Amino acid sequence: MNGVLLSVLIALPIAGAGAVAFISPRRPAAARAVGLAAAVIAFLVAAWIWAAFRPGRPGLQFEEHAAWVPAAGIGYHLGVDGLSVSLIALVALLVPVAMAAAADQVHDRTKGFVLTLLLLEAGLLGTFLAQDLVLFYVFWEAMLIPMYFLIALWGGPARRAAAIKFLLYTMTGSMLMLLAIVAVYLQGARVIGTPTFDLPALAARPLGWTPAVEALLFGGFAVAFGIKMPVWPLHTWLPDAYAEAPPVVTVLLAGLMAKAGAYGLLRFCLPLFPDAVRAWGPLFAVLAVVGILYGGAVAWAQGDLRRLLAYGSLSHMGFILLGIFALDIQSVQGSVLQMVNHGISTGALFVLAGILIGRTGQGRTDAYGGLAAATPALAAVTLIVVTSSLALPGTNGFVGEFLILLGAFQTHPVHAALATVGVVLAAAYLLAFVGRIFHGPLRPDLRGLPDLRPREYAVLAPLLALIFWVGWVPGPLLDRSEATVRALLKPRAVFVAGAPHASMTPPPAGVERKGGAPVKQAVTRP
Amino acid sequence: MTWNDLAAAAPETILVVTACVVLLQDAWATGAAPEAERRGSAPAWLSLAGVCAAAIAAAPAAGEVAAFGGMYVRDGITRLADLIALGTAAVGVLLADAYVRRMRLPAGEYYALLLLSTTGAMLMAASRSLIVLFLGLEILSLPLYVLAAIARRSTRSQEAGLKYLLLGAFATAFFVYGVALVYGAAGTLDLRVLAGQPPSPLLGGGLALLTVGLGFEAALVPFHGWAPDVYEGAPLPAVAFMSVVAKVGAFGGLIRVFPQGLPHAAAAWAPMLQGLAIATMVLGNLAALPQTNLKRLLAYSGVAHAGYLLIGVAAGGPAGTGAVLFYLAVYAAMNLGAFGVLLLLDRRGAEADRLEDIAGLWGRAPWAAWTLAICFVSLAGFPPTGGFIAKLYLFRAALGAGQTTVALVGVLTSVVSVFYYMRVAYVAFSGEAPADVAVRPSPLAGAALTLATAGVLIYGIIPARLTAAVQQAAALLK
Amino acid sequence: MSAVAVTAVLIPALPLAGWVVLGLWGGRWPGRAAGWVASATVAGSFVAAVALFESLAALPPDARTVQVDLYRWIAAGALAIPFRLLADPLSAAMARLVAGVGMLIHIYSIGYMARDAGGARYFAYMNLFMASMLLLVLAGNLAVMFIGWEGVGLCSYLLIAFWFERPAAARAGVKAFVVTRLGDVGFLLGIFAVFGTFGTLDFTAITREAAARLPLGGGLATAIALLLFLGAVGKSAQLPLYVWLPDAMDGPTPVSALIHAATMVTAGVFMIVRLHALYLRAPFALDVVAVTGAVTAVFAASAALVESDLKRVLAYSTISQLGYMFLAVGVAAWAAGIFHLMTHAFFKALLFLAAGAVMHALGGETDMRKMGGLARPLPKTAAAFGAGVLALAGIPPLAGFFSKEQILGEVFAAGHPWLWGIGLFTAGLTGFYITRAYVLTFAGPPARVHENVHEAPPVMWWPLAALVFLAVVMGVVLEHVVPLAPWLQPTLGAGALKSAGGAAAAAAEPGAVHAMLLVVSVAVAAGGIVLGWLVYARGAIRGQAPVLGTILAHRFYIEDLYDAAIVAPSRALAGWAAAVDRGVIDRAVLGVAGGLGWGGAALRRLQNGYLRQYAAFVLIGALIILAYWMLRP
Amino acid sequence: MTVPAPYYLALSAVLFTAGTAGVLLRRSALIVFMSVELMLNAVNLSLITFARLHGSVDGQVLVFFVLVVAAAEVVVGLAIIVDVFRSRETVDVDDADALRG
Amino acid sequence: MDVVLFGITAVCALAGGAGVILSRRPVHSALGLLLVLLSLAVDYLLLGAQFIAAAQVIIYAGAIVVLFVFIIMLLSQAGERLGPGAFDGPVAVRFVAALVVLLAAGLIALVTRTPSAPAPVPAAFGTIQDVGRSLFGRYLLPFEAASLVLLVGMIGGVALGRRLGPRT
C-alpha cells in the first residue's frame, strides 16, 4: 500500500473531481458534499503519511518511481522527505477547510467551483511530491489553470485583470524555469551519460557548470519561485490576485501556492545549484529584507482588507526567503516550519476576511468598525490568528520566525536586524487591521451582524488548534525536516540516487545537540 | 513503376481513388435530400472509409522504403506525417459533415478536395525530390484555394479564396524560382544528391526562395499575410482542416529540405530559420492579442505555432525533427478541437465566430466548453496537455542545439499567448450565452471533438508512445 | 517530578487553565462567577508560589536553584531549547510577589468590573496575563522568558484596549504594543547574539559561562547587554520608549495597577537582574542602564508635576520609579533593584487601586481638576491613598523609604555622586507631585458636586486594605525581618552580598556619611511633601513659571518630537512605498503589458486587408532572407 | 550554345521582377494573375537554361510540370475571379478588403 | 546568330512583360503575356528544349492565354478603376519600386555568378523522346502527381463554376 500511497493521494482529488463532474449542477449541496468527502479522505491519507513518516532520515520516503516517457528521460517519480511531508499535510488540510468555508461564501456555480478546487489540490500535492523535473513542472503549471479559473470566474469586480495578471506573471517565471530545466537536463545528459529529468539523479553529483551558466540557470528557477512566493519586486500580481480572488481561494493562494515557491527554492535550487545559491544568496537576502520592510510598510498604508493582508503576506514571505538564503540550519529549519505556519495563519486570516466580506460585502477597512461588540467570537478568533501572524510566542508563527531570525543573525546579522524591525511593522499593520475592524464604536450599519456560525467554527477550529499546537510543540514538525535540511546544507551529500533509504544512517536525534537537555527529564540540578 | 512503388505510395493512392469514388458517387446521387440525414452523408462516410484505409496502409512501421526512383520515401517521418495528415483529414471530414449540409456546400467536391489536399501534404512529407515537393505543394494548396472559396454565397469566402489563390500563386512563383536556383547550383533536383553539395551563393539564394514558398504555406512571418484573412473568410470546417494540413505539408517539406537535406550546411540555414521563427512567434502572438474574432485569433495563433514549429526545424537533427513531428501531432489535435467547438455554434444560420458568441458556453454545453478549454490550454502550452510536452521537446531541441535566443523568445512569447488563449477559455466559462447563438451538436462532430480532445490529453499525459515513435522516426537524421 | 517542579509548573499553569476555561465558557456564566474563578486560579498560583518559596527555603542555599524541564520545545541544529522553568530564590520571590499582588487585584477587579458586561473577557485576559507574567518570572531560558515577555505585552494591549469601543483606548493599546515591540527588536537580537555567543539560551549556563565567554568590557558583551536593555527600555517604559505608558491609562484601573505598575513594567528590571552575570561583563552597558534610569526618573517625575489626570500622574510616577530601579541595577545593586521593585509593586498598586476606588465613586472620572475634597465622602480611600503617598515619597518607616534609601545608598557607594544627586532630586519631586495629586483629589474644596459618591464595596476594599498593610510593613520586613538580599544571594552570587542592603553599604561608609545621606534624603522627600502641601492645599506659594510649566506639560516635547520625527515620517514612508508599488513597480509591469498590446494593435493596422500589401510582405521577407544568404560571409 | 547562360538568367530575373512588380502594383485581379504567370515563365526560362547548363533533362521536366501546374492554377484562379466578379461586379483586388485586422 | 535571336527575343519578352504589367486594359496584358510566351519559346529552342518549346506554345499560348482572354471578355466591365487605389500612394509606389529594384539587383547578382560554359549534351537533348522517356520513367511519380494537379483544377473549376442553387 505504501508503494502507491502518494499516487493515491494525488489521485483522490482528481477522482473526486471526476465524481463531481457527474453531479447535476442543480444539486450544489451534493457536489459540495462529494468534493468535501474527497478532500477529507485525501487529508486522512496525507495525515497518515505524515504520521508514518520517519524522522531522522534525509532521503525520500514513500517513494514511487516508474517510467513515464522513457524515451525522453522523464520519469514518474514521487516521494516525500522532510521538506515536503508537512507541506502536503498542510495542503490536504487547507483545501477541505477552504471548501468548507466556501459553503457559506460561494453560491454561484458551486459544482464547477468544487471541481476546480479539487483539481487545484491535485496540482498542489503533485508539486510537493514530484521528484522529476518535468513531472514537477507539470504539476506546477497544473496548479495555475484551476487557480486562474477560480480567480477569473468567482472573483471580485476586477477579477479578469487580476486573474490574467496572476497567470502571466507566474507563466513568465515558469517558462524561464522550463528553459532552465531543459538546460539542466541537457547538461545532466552530458555529465551523467543518460538523459534524465530525475532530480535525485541530477543532484547527486556536480554537473560541472561554469559559474555564469549556473547563475543563469539558478536565475531561471529563482525567478519562477520568486514570482510565486513572491519576492520583491516581483510581487505586484499579488495584491490584485489576493484581493480579487474569492477569499477562500486566497486562502489557498496565500496559504499554499506561495509555499510552492519557497519549497521550490529549497527543493531544486539548493541541490542543483549549490554554488550559485551561495554566490547569489546575499542578493536574495537583501531582497528578502526589502520585501519584509516594504511589504510591511505598504500593508500599513492599505485601506483594503485583503490588500493589507496581501502585502503582509509579502512581508512574511520575506522572512521565509531570508531564512532560506541565510543557509543556516536554524534559519532553513525555521523557513521550512514557517511555510507551514504561514499557510495556517494566513490561511486563517483569509478565511476570516472571507467571513467578514461575506457578511457585509465590504472590502475596505473603513467600512468596518467596532465589530468586537457585535461579533465577539469572530474578534477573538481573529485576534488569535493575528497573534500567530505577529509571531507571538506560544503561537506557531513565533517558532518559525524565531528560528529564521536566530539563524539568519548568525550569518547575516545586519539583515536579521533589519528583518526584526519588520516584526514591529507587522505589529503596526496587523493591529491597525484589528483596530479598524473590531475596535472603536460599532458602526450602526453593522449592528446585528451575525457572529461565527457553527460551521465556521468547525472550519477555523483545526487552524486554531494548529496555531497553538505548533506554537507549543513544534518538535514533530521540526524533527521531520531536520535530517533533510541538514543534508541539504551539507554540499553534495544529499541525494543518493535510487537508494535514499539505504545509505544514510540518520544522525541520532537530540544526541549531538549542544547544551540540549533530553526530553522529559524532569529536574536537573546544576 | 513497379508494384513496390505503388505499394509504398499506397496511402496516397487510396486517397486519390477515394476522392474519385466520392466524386462519382456524388455525381450519381444528385437529387437526394441532403439535409435530413443525421447519420452523415454518403460522401462523408466514403471519405472517412478511405482515410481509414489509407491510415491502415500508412500505419505499419517499415523502416525506410524508397520508391519511384528514390523521389518518394516511406520512412518514419513519412509515416508520422501521413498519420497526422490522415487524422486531420478524418477529423476534418467528421467536422465538415453537418456544416456542409447545413450550408449546402457541394459535398462531393468538398470531400474530394479535402482528400486530395491531404494527399498533397503527404507527398510533401514523403518527397526526396524537389519536383515531388513542388507538386505536393500544389496538390496541397490548390484544393485549399478552392475550399476557401467554396462557400460561394459568401462574399467573404470569395475574398478569402481570391487572396489565398493570388498570394499562393505569387509565393509559388518564388518557390519554383528557388527550385530553379537550387537546380542551377546543384545540377540536381534530388534532395539526396543535394546533401553532398557545398553551399554556394546560388544554392543559398535558391534555398531562400524555397523557404518563401514553404514559409507561405506554413504561414511564417512575413509570408503570413493571407492567413488571418483567409481563416476569417473561409468556411469553418475548411479552415480547421487547412490550418493543420498546410502545416503538416509545409513542415514535412521543410524537414526534408533542411535538417534532412542539408545537415552539413546547418550553420548556414539555421540562423535564417531562427530569425524567421523569432519574427513569426513575436508577430503572431502580438497580433493575436487584440483579436476578437475567433477564427482570426486562431489564425494568428496558427502563425505563432508555425514559429514554434520552426524552432524545431532550425534546431535540426533528430531532436529538432522529432520535436517538430510531435508538435505537429499535438497541433493537429488541439487546433482541430478548437475549431471544432466553434463549428458547433450557429448564429442564425451563419458561423458564430466572435468571441462573445461563445460566452456562457459552459452553462449550455459544458462538454463543449471543457473541450474548448482543454484545447486552448494546450495551445497555450500548459500541462497536462500535449501542448506542453510538445513545447518541452522543442525547447529541448533548441537548447540542445545551442540556440538559446530562439528558445528564450519562444518561452516569452508563449507567455504572451497565454493572454489571448486564456481569455477565450474565460469567456466560454463566464457570462450569459447570446440569444441568437445556438449550439448544434452532431454525432459526427462530437466524435471528432472527442478524438481531438483525447489526442490532446493523451499526448500530454501518456506521451511515451508518440515520443518513442517520433524519436525512432527522427533517428534517421543522425 | 519533585514537589518543587510541580509547584513551579502549577504557578503559571493555573491561570493559564483559567484563561482557557474563561475564554471558552466564561461568557455564559452568571454574574461574578468569572471573576471568582479567575481570582481562585491566581490564588492557587499564589499558594503554589508560597509553597515553592518555602520548599526552596527548606533547601540548603546552594541547592536552591532547580531547573524544571517539561519537554523539548524548539530544536534545530545546534539549537535546543527545552521548555524549562527555573525555580530559584529570585524567581520564587518574584512569583510570590506577582501572584500575591495579582490575586489582590483580581479580587478587587471583581468589584471594579461588576458593572461591565465584558467581565468574563476581562478576567480571561487577566488570567492570561498572570500566566504570562509568572512564566516570564519562572522562565529557565531566554526563549521561555520571551514567551512570557510577549505574552504580557499582548495582554497589556488587550487590556488597555479592553474598552475597545473607545477609540482612544484602542489606539493606546496599539501604541503600547508597537512601542514595546520596538524594544523587543533589541531584545530578540540580544537573544540571537546570546545564542551566537553561548550556543544556548539557558540562564544558568549564561550565568556560569559569562565570565569565560565574554571578555570584560568587550564589544560583544556590551552589544548584547545593550540590545537586551533595549527590550527592557521598551517594556519598562524608560526613556526614550516611555511614551506608551501614560496612554495605557485608558485601560481599566486594576489593569493599570497590575500590569502597568506592579508587574509587567518591571519585567525589564527583572530581566537585567536575571542576566546580571552578563551585565557584569559590560560595565559600559551598566552605566548606560544607570544613566537611563536616572534621567528617566527625574524626567518622568517632572512630567508628573503638571499632569492633571490622576492616573497619568501615577503613570509618570511609575516611569520615574522604574527609573530608580534601573538606576539601582545600573550600579549593579541587583538586590536593591528587586527590593524597590517589590515595595513599588505594593505601594503603586495601592495608589492605583485607591485611584480606582475614586473613579469607581465618581463614575470613571480621572481629571483631578474636577475633584477635590473627596476625603470627606471617601475617608477610607483617602487614608489608603495617603498611605501610598507616604510610601512612595519614601517617608520612614513605610516600604518606599527602605528600598529608596538602599538604592540611593548603593548609587552613592558605587561612586556616582551625580546620579545620586539626580535620585535625590527626584525624591523631592516625587514627594511634591504625589502630594499635589493627593491634595487636588482629596483635600480642599470640591471642585464640583458629584452625585452618589460612595466608598468602594468590600470586595474592593479588602484588597486595598491588604495593600495598605503591605505598603506599610514590607519595607521593614524585607530589610530586617526576612532580608531579601541574603535570600537572593544564591542567584545573584557575590553581587548580592555586596549589595546586602543599605546597612551593608553603610558599613563600608563612615557612619556619619551614611547618616547624613539618610537625613538628607528623608528631608528632601519630606520637603517635597511639605512644599506640595503648601502650594496646593494652602495656596501659599503662587509663583508661576509658565514657560517651565508648558515645557513640563508637554514632557519636554518628546512625544511631539516622536510624532514629527518618527511616526509621521514612517506613515509618509509607508504611503510613499504604497505609491511606489502602484506607480512604479506595478506600472512598469503594466507598461510591458501595454506595450505588447500596443504592438498587437499596430500589427493589426498593418494587416489592412489589402492583398498587395501582403504580397509586399512576402517580397520583403524574400529580400531579407536573400540578403542574408548573399551577405553571409 | 553561343549565348552566355547569364544572359538568359538575367533576362529571367528581370522578367521575374517585372511579374513581381505587376503583382504589387496592379489592382485588377486578372492582371495580377497574369503577372504571376509572367513570373512562372521567367522561372521556366531559368530552368531551361540551367538544364542546358548542366546538360540534364531534369530542368525541362520540371518546366513541364510547372506548365501543368500553371494551367491548373489558372483554371481554379479564373473560376474564383469569375465568382468574385459575379457577386461584386469588380475584380479590383483593393476592393477585397472586408477581411482585415 | 544565336545572340541576335536572343537579343530579339529578349527585347520582345521585356516588351511583352512591360505590356503585361503596364497595360491599362487586361486584354492588352494578355497580349503582352502572349508575346512573352512566344519569345521565350524561341529561347527554349535556342537552349535545346524542343519539347518544352512546343508545349509552351500549345499549353501556355494555346490554352492558358486563350482562357485568360476568354475570361477577360466575359468580364468585359472588369477594367481597372482609374486613380490611385488604397495602396497606390506615391510613397507606397516608390517603396514598391525600391523593393522591385532590389529584387532585380539581387537576383541578377546571384545568377550572373554562374559559370557560363554549358555541359556538352547529346543531340537528342530536349527532344520529345528524351523528355518523354524521363517523364514516364524516372519522373513517373511527378507525372502522376501532375495528373492530380489537373484533377484538382478540374474539381475546382466544377465546384466554383457550377451554377448556384437557390438561396435557402
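Labels for the chains are A, B, C, D and E, by order of writing; each one numbers its residues from 1.
Methods note: a contact is a pair of C-beta atoms (placed from the backbone, for glycine too) under 8 Å apart; a residue touches a chain by one contact, two chains touch by 3 or more.
The shown structure was predicted, so the numbers you read here are calculated from the model rather than taken from an experiment.
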Along the shortest chain of touching chains, how many steps lie between chain B and chain D? 1
Core chain by centroid distance, with centroids computed from Cα atoms only: A
Report back the single chain whose CA centre is most distant from the CA centre of chain C. E
Which of the two pairs, B-C or C-E, is linked by more C-beta contacts? B-C
Centre-of-Cα separation between chain D and chain A, whole angstrom: 65
CA centre of chain B versus CA centre of chain E: separation in Å? 30
Can you work out the whole-Å distance between the CA centroids of chain A and chain C? 36
Note: chain E sits from chain A at a C-alpha centroid distance in Å of 69
Contacts with two or more other chains occur in chain A at residues 168
By the touch rule stated above, which residues of chain D touch at least two different other chains? 9, 16, 19-20, 23-25, 27, 32-33, 46, 49, 51, 53-54, 58, 61, 65, 69, 72-73, 76, 79-81, 83, 93-94, 96-101
Chain B residues counted as touching two or more neighbouring chains: 131, 135, 138, 142, 145-146, 149, 152, 161-163, 166, 170, 181, 184, 201, 205, 228-229, 291, 416
Pairs of chains found to touch, sorted by chain label: A-B, A-C, B-C, B-D, B-E, C-D, C-E, D-E
Which residues of chain A touch chain C in their complex? 165, 168-169, 233, 235-237, 239, 294, 297-298, 300-302, 311, 328-330, 333-334, 370, 372-373, 376, 380, 383, 387, 392-394, 398-399, 402-403, 405-407, 409-410, 413, 416-417, 420-421, 423-424, 427-428, 431-432, 435, 438-442, 472-475, 478-479, 482, 486, 510, 513-526
Partner chain A, residues of chain C touching it in the complex: 1-2, 4-5, 23, 27, 63, 65-80, 82-84, 121, 143, 146-147, 149-151, 154, 157-158, 161, 164-167, 170-171, 173-174, 177-178, 181-182, 184-185, 188-189, 191-193, 195-196, 198-200, 202, 204-205, 208, 570-571, 573-575, 577-578, 581, 585-586, 589, 593
For chain E, which residues are in contact with chain D within the complex? 1-3, 6, 10, 13-14, 17-18, 20-21, 23, 26, 29-30, 32-33, 36-37, 40, 43-44, 46-49, 51-52, 55-56, 59-60, 63-64, 67-68, 71-72, 74-75, 77-81, 85-88, 93, 96-97, 99-100, 103-104, 107-108, 110-112, 114-116, 118-121, 125-126, 130-131, 134-135, 139, 142, 146, 149-150, 152-154, 156-157, 159-161
Chain A to chain B touching residues, read off their complex: 67-72, 112, 134, 137-139, 141-142, 144-145, 148-149, 152-153, 160, 163-164, 167-168, 171-172, 175-176, 178-179, 182-183, 185-186
Enumerate the contact residues on chain D facing chain E in the complex. 1-22, 24-28, 30-31, 33-35, 37-38, 41, 44-46, 48-49, 51-55, 57-58, 60-61, 63-65, 67-76, 78-83, 85, 89-92, 94, 97
